[in-house]
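Here is the structure we will look at, set down as structure tokens.
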Amino acid sequence: MNFWERFEKMDRRWVYLMVGITVFIPFLIPMKFPISVSPEARAFFNAVDSLPDSSTVMLVFDYYPSTIAECEPMTIAGARHLFSKNCKIITLSNIPYGGPSMAESITRRIAKEYGKEYGKDFVNLGYKYGYVSVLKGMGVSIESIFPTDNHGTPLSQLPLMNSVKNYEQIKFIFEVADNATADYWVSIVNAGYSVPMGIGCTAVMAPKCYAYVGAKQIVGLLGGMKGAAEYEILLNKPGTAFRGMDIQSLVHFLIIGLVLLGNIGFFITKKGKKKASS
Amino acid sequence: MVRTAIPVIVAFITGAAMTVAFFLNEKTPFVGQISEQLLDWLIIIGGFTLLLGVVSILRVSWQSVQRRREGWVYKIATIVSVLVMAIPSLLPVSWSPLFGRFEGSIYDWLFMNLQSPMMATMFATLAFYIASAAYRAFRARTPEATLLLITATLVMFWRVPIGEALLNHLPGDVPALVNKYVMNGVNLAVQRGIIIGAALGASAMSLRIILGIERTYMGRG
Amino acid sequence: MKSLDVLQVMVQFESKIWRRVPLILTSKTFSAAHKCWLAVFLLVTLFSQPAYCQDEATTFRFDRINALITVIIFSGAVLLFTRWARQGKPLFLRKIPGLEAVEEAVGRATEMGRPVLYIPGIEELDQMETIAGISILGRVAQITAQYETPLMVPVRYPLVLAAGQEVVEQAYIHAGKAEAYDKDMVRYVAGEQFAFTATVNGYMMRERPATNIYMGAFFAESLLLAETGNAAGSIQIAGTGRPEQLPFFVAACDYTLMGEELFAASAYLSHEPIMMGGLKGQDFMKILIIILILTGIILVTFTTGAGETFKSWFQAV
């Protein structure tokens, strides 16, 4: 078996090893590649930026801890942007595994930077089972679905919630999701109540969400870690997503290199077999 | 007869009520309230089903331990994990700050320091799997496979900063062309086609279930 | 046309319907399904009667009339083709390679003496994809019962566990192999996505099932499952309605069912005319959508007023 035949039949564990080494390199040698901003991310940023000050916005934590690397930078950047505009933030989650905890820790941490107060400037509604019924129910009354916040405090005791009854008082929905709940927010909330909405999602979901951007059902899209990095650049506060782009760049190059070499090996092997048979 | 008829009748009534309620004002007497009630019932039933799952996993794991089936030691780890996470979180916070679900509790510590990193690790293994899958699958065996290979390579370049910088050296604004014609062109059209097809399929199946034509989900028909 | 005029027309139409109600309900011409829909319509009009006289916020959501028309046409098409199928009219269905391969794949598992792994998706039972997956599970379980092949069905939600156990048990009874049924064939593994995936991957590497069938809703774990199955040497058939997961299944599985093929699978495998009629109704709607898209393209490209009017008919509901 020659080199190309062996390369084509390479054990997948060599590929895993190469990926592992490539991921490790930027930790030793930071590269800081310049990032350009896509039209979809810019539209998202502009939509949030053009909100009147003190608008009430829903910041939705619909992602599992497994996609923290892609989604958390979006929520952090979103919370910073919204607090900098003095927006009132209502956070909630349709994910039982850690959604409310992540919402709590991120909003409290960012709120401290901007001197915001819980109950007046931001509220965490927590989690409720059954996303379809939750989304539909909030269209009638948020209090009917979430009678208390994540800590068990009745909504009537939170000053922010005194002026918010349902979606009519919500000026924008900043949805960050790694699963199909994004589709439900679009088809139920945006379609049924015409609330402007932007989606931040994992890179895998981004191709599907382009359909929503094209149909103007969402104002903008942040796709994966690149989308998060673009938002950080626009906000002028580079964070973990910006640093993660180095790793993503190198791994993409590795995969492209392996694919190209694999195809070269494929054609050389095929040619050799043809010669041998003739 | 009863085992088949009652679920079919319930499916019909609830399905029809929800369909009709979609076209009526929420404040409509009777029908509007039915749909709200059904949505509330769904939330309540969902809570009970969580208990069903916990009971099931404990029962199966305990049976494996009792019968000393292969890997029974790991079943002990499963049972201990379930109990250690569940019991402290159910106890009132007033008894101890270690109880409950909030910051500082045993539940929160285990979730943030054990479960979250494990979940993130599993997701991260996708990077390795995608590399090996791409290496194996992206071969120019046929014209369609070649087209797939070229498109995938372009999108992989476009998606990262240095790749975009390299594409900018080619004549024409290649990144903008990829965004416009690949992502917002071909990709958009295909995604819409699949979404429409899947939605029609789901709607037809829903209609068959509501009308009682499809009963395979009950194990009958 | 003002909303009051529309209301008056509807009241007149409704009174004509009321006069014909006794005849329709007792007639043999209309099927039970038609009578049920009529009953629902009557219930709705009965309880919304007072609102017809108002000119303000009405009971009926006129902004959703386009959706209502779509539902009526769609339901009519499905019921009409179902009726034709019942009457014995031949209905053509193209071959779906993934579904044709199911029986062969189970046969392979039997020959190799290894189990079949079936995953009905990782979503809850209220998702149509999960119901489709459970329906196909029934068919697959019948085949494994006939061939006496071990079957393993890990699930992520308790309701799916209950439905899966019922479906598999009925399949084994139907195949005359009730004694071969084991309740633990369908087992609740874990509620968390990656805990579920890790357990299933571990099972695949230990037991090396000969056939893996993934039918339902999948997310990020789709590639993890498919790649591990590939490494274990299993033949894999996948089907999902999630367009973002299809590329992973296409890359790693031998056969992939895309989108609506998953929902068609139950009807396709059963070969029952009544279910195939529903598929034809779906196809009718797709053709109608294509015609509307082409009409819209022509109107919007070559006209101004007509194109905008046509677009406004399809505003989001």
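As written, the chain order gives the labels A, B and C, with residue 1 at the start of each chain.
The rule is short, and it goes like this: a contact is a pair of C-beta atoms (placed from the backbone, for glycine too) under 8 Å apart; a residue touches a chain by one contact, two chains touch by 3 or more.
Please read these numbers as outputs of a predicted model, since none were measured by experiment.
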Consider the two chain pairs B-C and A-C; indicate the one with the greater count of contacting C-beta pairs.
B-C
Taking the mean of all protein CA atoms as the centre, name the chain whose own CA mean is closest to it.
B
Measuring from the mean C-alpha position of chain B to the mean C-alpha position of chain C, what distance in angstrom results?
17
Gap in Å, rounded to a whole number, between the CA centres of chain C and chain A:
29
Multi-partner residues in chain B (2 or more other chains touched) are 42, 50, 115, 119, 122-123, 130, 132, 134, 136, 191, 195
For chain C, what residues touch not just one other chain but two or more?
126, 192-194, 220, 243
Identify all positions of chain A at which a residue touches two or more other chains, and write them in rising order.
12, 64, 66-67, 97, 132, 207-208
Note: in the complex, chain C contacts chain B through residues 33, 36, 40, 43-44, 47-48, 51, 57-61, 64, 67-68, 71, 74-75, 78-79, 82, 126, 128-129, 131-132, 134-135, 138-139, 157-159, 161-163, 166-171, 184, 187-195, 197-198, 220, 223-224, 226-227, 241, 243, 246, 248, 250-252, 258-264, 266, 270, 274-275, 278-279, 281-282, 285-286, 289
In the complex formed with chain C, which residues of chain B make contact?
12, 16, 19-20, 22-25, 28-31, 42, 49-53, 56-57, 60, 115, 118-119, 122-123, 125-126, 129-130, 132-134, 136-137, 190-191, 194-198, 200-209, 211, 213-214, 216-220
Touching residues (chain side chain B, partner chain A) in the complex
26, 36, 39-40, 42-43, 46-47, 50, 101-103, 108, 111-112, 115-116, 119-120, 122-124, 127-128, 130-132, 134-136, 138-141, 149, 152-153, 156-157, 159-165, 175, 179, 183-184, 187-188, 191-192, 195
Okay, in this complex, where on chain A does chain C touch?
12, 64, 66-67, 97, 132, 178-180, 190-192, 194, 202, 204-205, 207-208, 217
Parts of chain C lying in touch with chain A, wherever the complex brings them together:
123, 126, 192-194, 217, 219-220, 231, 242-245, 316-317
